[in-house]
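As written, the chains take the letters A, B, C, D, E, F, G and H, and residue 1 is the first residue of each chain.
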């Protein structure tokens, strides 16, 4: 019986709490957005959830050109299928990514059949606004997190204090886990790419696997342990380089 | 013993949670509103509940003429008993409805004995503000939801991106249900018109029937299964055609 | 053993929830306020609790003259011991009360040994701001609530749409109760004056007695049943005469 | 086995609730802050938690000079290891402290190896903004709280209504406790310095010891009982000298 | 809409807990019993619930003669409609009752249309087994409970230590309540006959009315407050005259 | 991804409560039993769960002959795949069934590849012990439950008071439900055969589908609503024809 | 207002859980017992609660002679007011105690106005049954528990393996606590005699004071911290000198 | 600060639930047992917890000879420190083990300084009672569980249907986990020997490490995922080779 058979009787693994959320594929609601033609969005995280950013899965059956972001809004895209193109000439294949600063005249387009993850947020400028950034996960060197060679982090954006968000790929060998239950004022949006394990969020424990998304609100206790025969990987964003007293 | 006998001892089916609410008739509080004469309101949903709109049952023993909405506020009315009239000359009988754009000079009046559902919200304009719309549910063609002929949706407002809210009638054959537990950033206000069944909201499950109202806040997991011998129908609104980063 | 003996070991009946609060005497914290000399305040309700108003017990060992309220802030005082005086020449004995409109030059003073309840809130003007009002509960005629002669309401302020708050005395014969579990968008602040019984707030049930205070937030389901040998009475405020879409 | 061994398997004593939080050392996340070189911060409390202030542990391996606070932001520092220096020439050793008013040109620097607690908040001025204050806990005379000689409070800032926050050291003999479960609209940030016992926050009870931090939000019921063979001491801040209707 | 309309969608007021149960009419299951012809039983309480006795509503459309109780089993019947007859010649009209000792040759019969409450339990003999007892509530003198004239108890069985159960009628004036929350090792079975109010059982609070049944297991905290315009009455049994170390 | 992929990370729909249990296929533990060769058992319900009977799924890769039941133990078998044979010469194909009384010399054998449901319980004799019964669901006439033609019950055992358990097939048209939330002292073991919907057990609501098993303990509130496009069917047993005071 | 005023509105501190109970004075139910004349009992703990013993407060307005315990039942009495006498000639004043072995012909009598604590349990003999024991707490030498001089234990019964229960007085200096949260298969019955503090039972935390009684069932996690200005003392029993596989 | 410092303030990781328990070292209560000299026991699991067996940690400072088990009681010992000797001449070093059948005349002795795990249970004979068994974990060949080479099981007792309990060592590579959440009628007692990870029991999730013990009652959902850098191992018993209808 397919995974989603029980959905019609009210079953879901999605769970929405005050400071965190687990969002699983069988409960995704695909909608349209003003200004985007032929494009379906599943907004998994939004300011209405309590987040400081929006995160959507985007699916383009047809080739499309995206409208500009609203004034002051920055974008990060991460391609999961097919390819995206920027008006700069950059082409993003699978696991290609791009940061588009706010109020930029760079145009994003998607080839037919493309799927990508879209992050949008109100950019918090401190000095000069950074330039656009493009790249591919495959080209990014990983480093061990806190010296643990079983946990690798790949940072997609430069370590430049002008950026107000990080976008990283985290990879865990089976049996590896975060070294402790973190609590901090920064938020995260996360998409599991490979593998799975157990995520602790606040006092809830969730079995998770590829395709699951998570919102971690400010200060929520958070921890992941990777299980299974193969490494686990996830895409994760963090609002960063900011004072906790910064305007919100 | 009448349904409401236990109310005097503190019984209610109403349940108010952080992201959703069930509001049942035995707990309705009928009040007056400034500027409305001879009119009783039961405000079931309001911004104080966390909603982006207000939804009231309105009862007019006498014929009345409604005051204009406050500046920037749009209205939708749905007649459940008697009749309403617009200064445009339109008359709304039972299951007649009207959208009145914000800052309009159209006047709404109610005949003696009329009852209607009133929605008010701060309109979110994108380009031209749409014109007023009038109609009757009986005249609206339904379409199958996601291809399931057991679920019919009748859209009372045109599919025009200038509108920021949808108002629909959903009809379920007995045994039909939503195909999955939806979670999305849009909100809903709902009034059961016929039939009944089980509503799942977040991790709560509620038996519901005609007369019950529901608020579904942003991202709350939501699902309905229709039971009984006859079809179930509900009136439902959704804030729509908007980005999750739109001002609130 | 005195009622408060267990307080030193961490016992309290006070209970603070998201949409309501019970505040019992053994947990009152008496503080000072800028501009008030020789005056002790127990702020039981405040905007930090989620309320649209502040409610305090005030105790004056010495005769004092109160500073003016901040700009735009209205006041209601209810004397529970000794006497208060207004610069208008009105004197409020026990169960005397006064409404002082915002930005008024009327001065309030308290005689030595006076105790009173102080409400302050940002006044929501609709047209002319009403004049100050003084009176005594003993002089106010009661009326039966919803025709039930066992429940009497005494309205301390005139039925004038210019007022944005009501202040009432509710009296219940033993065995009387609210006719149903109310839910509405208006808030309440309540102080039990006499008697006692059971208060249902949301899904909590509280035994209450004279001296207990309650905050009922918007839409919280609420009900009271009066028990004991003698009538129960409480002082209650309600924000009123306002649209649920009014600015907050 | 060291205290933190189970952290890697998802164990923590930290607990984040709507109106309070316990933050224990094994879950501290050490980050950097824009403008601070060679300095690690563990922000335990922040506005994102619901607080009106930020509280951080700060660790400087190298000697550093701190950037100025943002406009309108006041600071309080409390040295727990090594020493801090102000441009006024004051030097703060262990348990030395300083208040730096907003928009001050006083510069703070830390000697290599220093650790301190940093509080920052948007100052709420009423009249003249107070001058900077420096001192050492050892020089502050304690007074018995509510006449109980087992509980001593040392007030680090002068009793001057111009201050909008208090910073105190509370000391408890073993067996001493707060006299009742307090509830009030003021908030607290707390760091246990010595000893331990049981903290009641809302309806939760926490064993606590030196190194644990607590946020107490507005109105949260709160109580501490000191146990063990030696006195317990904590550093605690309170927003103070303000009306509950003050802007936030 | 009739009270039970929502039952078909899964609604019930019945609530079964480890040490107590509320059993409301819409969830009664009417069954047959071996040896009884033409008789319907709703067993509300049984040893499978944890009780030391069984309590059933019994309905006889036809005139029937009941089979004897099983060996060692005592019976108490309370007529609520029509009439019952004993082979002793006693006739029980409405609110007539009878105790039949274990292993008795007294036969019970019911007239067509009779309804009655049946209690059965394994009798715990101490010395001589008492004789059968018949009577009518109307003939029993009440006495004030603990001297409170608002609470009357009518004891249907004699104050003879040979009995191991009590069967009483309790009457409450509106506003009367049990003087405290009782906890004891004896159990109760209860049927509300008139009126209503609030029953506290353990930490649950239930609005109750005529027709509701309650099981109170050993030691469960229990309290009732009577509300409404008319007196409340209930039938209640208690296992009694026994040591807590008696065989069970 | 297959339904059971998340099981390895700790996911299950199975839920074990004090008075009921849901047992879903991904958590079945297949074991052996003394005396049975080449046979795998998944015991879903047992006296250790609190039940008065055991219910197992049984799978025979090879042809086997079952050992006799223990003394005093009755059996009911229901074939779900392949075929079973009795020493009486009866052959049970799919949805064939047999009751074997306690202490019988009838032998049960299974053909290779057979799967069946096995019930075992301590028989409660009242007079003569009934003979063995064989049959097939297809040959059993259904009757409408409580006159509702959408709910059909097929009783596999005769309506003879000598039997102490019932075994029935319940069929629900889509949209049909039990007429109310039942509570009674009898227990149930249930296996969903077709379709699905929502099962309420106590205060829990479970989406269920074919393959799910349920234990309903004594007095547990219970209700089912059938959803989907096709009828739902389940196999259900009930201990019956017994007094609640019968020995257990 | 007296401590028990709120009891009439349903307030109690008593709390009954599956493995522990707190029993506070305002909920005591005073009953009679067969064979005891003029004697009131409050049975706080009994086998019906899950305990292996019964514990009662006993109050004798008149001089009485107690009936013998039932066969096989041992008794321990602890005098809290007035005096008790044994037929051996021993007289127990306040804090006098006696152990009476099962099936003894020693008679217990109480002087008018006496109050005492009565424990009864089915004695578990291992070899010779011990003789009766009498004494007074004042005569018993205390020893430090686990070497902590702040915690003193006085053992009222000899350290003889023939006894199956211990009865001890535990004394705590303010600030002293049990060294850890104990969990073991033995049970306790406890009566606070002096002082107070916080008792942790399972995951519940209770402020407790003199007069409170506690049942700790097998394996329940348990801990006490003593607070206040004066030492805390409690009377505590433990079933002891037995294997966990001993018959129950 | 040592791991157990907070224990004196009421902290423990032990958690006792209706169908499972986690028992962590800081809450162990060391007691004596009748007939054993100079021996300390920490009984972590017992029939009073709901288990069908007892499991203790045993510590012998001196050389001792154990008394025989009670009639009908079988024993299993597992040496964790020092050495044990049987009267058969077998010597058990670290990770040596022995099964002693009920009513055996084999004597067990412990060398000074020995520590071991002791299991005792009422043996359930089916045919001949098996002989004693001795061995060492190091000599037992492991086999992959369900074909997963990352999970190894070493069975310490022969695969002989006469045994009614299994005693196994389970070893998990980091990242390995049980393949699904098991639920079955058999119980387990478990002691973590090495490593750690996350144990799900019912709906609770526990970080566990070496030294932790677990009781899993009948049917409790159970799952383990191994984390960390090194393999995890645990000792586990299971009652086995028995029908769910077997006498208990």
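Keep in mind that, in the parts below, a contact is a pair of C-beta atoms (placed from the backbone, for glycine too) under 8 Å apart; a residue touches a chain by one contact, two chains touch by 3 or more.
The UniProt protein names, listed by chain, are A, B, C, D, E, F, G, H = (S)-ureidoglycine aminohydrolase.
Just so it is clear, the model here is predicted, and its values are computed rather than measured.
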TODO: Going chain by chain, each one touching the next, work out the least steps from chain C to chain F.
DONE: 2
Task: Pair joined by the larger number of C-beta contacts - B-C, B-E - done: B-C
Task: Chain centre separation in whole Å, for chain G relative to chain C (CA means) - done: 47
Open item on the list: Centroid of chain G to centroid of chain H, CA atoms only: how many Å?
Closed with: 35
TODO: Name the residues of chain A that each touch 2 or more other chains.
DONE: 8-11, 18, 177, 197-198, 200, 205, 225, 227-228
Task: Chains that touch, pairwise - done: A-B, A-D, A-F, A-H, B-C, B-E, B-F, C-D, C-E, C-G, D-G, D-H, E-F, E-G, F-H, G-H
Open item on the list: Taking the touch rule as given, give the residues of chain G at its contact with chain H in the complex, in rising order.
Closed with: 18-19, 126, 161, 177-186, 198, 200, 202-203, 205, 217-221, 223, 225, 241-245, 248
Task: Touching residues (chain side chain G, partner chain D) in the complex - done: 150, 173-177, 197-198, 200, 205, 225-229
Task: In the complex with chain A, residue positions of chain F that touch it - done: 1-3, 5-6, 8-11, 13, 196-198, 205, 207-211, 227-228
Open item on the list: Per the contact definition, I'd like the list of chain H residues that touch chain G in the complex.
Closed with: 4, 7-12, 14-16, 18, 21, 23, 26-29, 31, 33-34, 43, 46-49, 54, 70, 73, 120-122
